[in-house]
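Letters A, B and C name the chains as they come in the text, with residue numbers starting at 1 for each one.
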């Protein structure tokens, strides 16, 4: 049984749902761990992680539009208004999704479904540099 | 420290919230791992996993009705309309819940609360065959 | 590779979003595991776990207010009304957030972001005693 860990840095565009499957799969492929669990962790509070369909860009656009309607950028709704009007909605969107994912690894590869990709969802209206911590445990 | 992994196949009815605790507990009971972590992973994008109350069927009905009100099947709201009108709402419902769960194992048993069950939530309006990947790590 | 597990008991106030980072970090610090994964598990169906900003109390107030608007305590909306009017909304709020979190550990410390804290979110309108199961796997 072994454990490996790394940090990745990801550049995001405003409100982008950015696919990060390739970066993650590439690191896993180099760890010589055939069977195990990969945890992807995002140490941020205004972005989140998502496993979703990677075939149609419209699915990502609809997801972003849905969450923007659900969590309006209306300053009257929030007390926390120190930063820009997209700040508190970004925290809520992060809370409604996830900052950590654990995915099985078999034969040295993450076991995503045929249509699944891993995405980093930027909830802020400005570009950011986001960190990711990958931890792989197995044999 | 050992690791065990398997795949289960689950048949769902339309919009069903199906309890899968027994199938999972049974597999865990046969792995001779007393202390560890179980990860349940669903490799699909229009269904999800849920840990919820397993005592009252009304809780499950209310959960399904709530999410159906929150994510209406109204084609005018979505760009992604290649498939049936329940398709894009199913992706959104999956994003608002989870496709992976990690649960502690003690004395060879998953440590669910007294009222907790594990459920597979079918978000499509038609029956499906869904896969589950179970990974158990411990000693 | 080692595994350690414990149970914590947390007292909550009505609808409280209570920070539990210190209790968790303290237990991890005593396990002599430098590199690994920590899973926090909540065996309840009307409370949940949250990783969010720990700097501004307004963020927590806005999160609670948002979820209270999203999931109204209106008995006419739910079939499950055996208990108090806050009961079914508490189940829904728990389903929209999470009861399990897996967080990387490096140099013997959980790798939260600079602004992240771990919170136990009480969704009931009355105080409760909640259990937490912590499992740490690593070397």
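Quick note on the criterion: a residue touches a chain if its C-beta (ideal position, glycine included) is under 8 Å from a C-beta of that chain, and two chains touch if they have at least 3 such contacts.
Everything numeric here is computed off the predicted structure, so don't read it as measured data.
> Looking at the contacts, which chains touch subunit B and subunit C alike?
Correct list: A.
> At the interface of subunit A with subunit C, does the proportion of residue numbers present on both copies reach over half, so same, or stay under half, so different?
Subunit A vs subunit C: different; shared/all numbers falls short of half.
> Between subunit A and subunit C, tell me the centre distance in angstrom, where each centre is the average of that chain's C-alpha atoms.
Chain centres of subunit A and subunit C, defined by C-alpha means, are spaced 20 Å apart.
> Scan subunit B for residues touching two or more other chains and write them down.
Each of 1, 37, 70, 96, 98, 102, 137 in subunit B touches at least two other chains.
> Provide the residue numbers of subunit C that touch subunit A in the complex, in ascending order.
1, 35-37, 50-53, 56, 58-59, 61-63, 65-66, 70, 96-98, 101-104, 106, 111-116, 137-139
> Give every residue of subunit C touching subunit B within the complex, in rising order.
Touching subunit B: residues 1-3, 5, 37, 39, 41-45, 70-71, 77-80, 82, 88, 91-92, 94-96, 98-100, 102, 131, 133, 135, 137 of subunit C.
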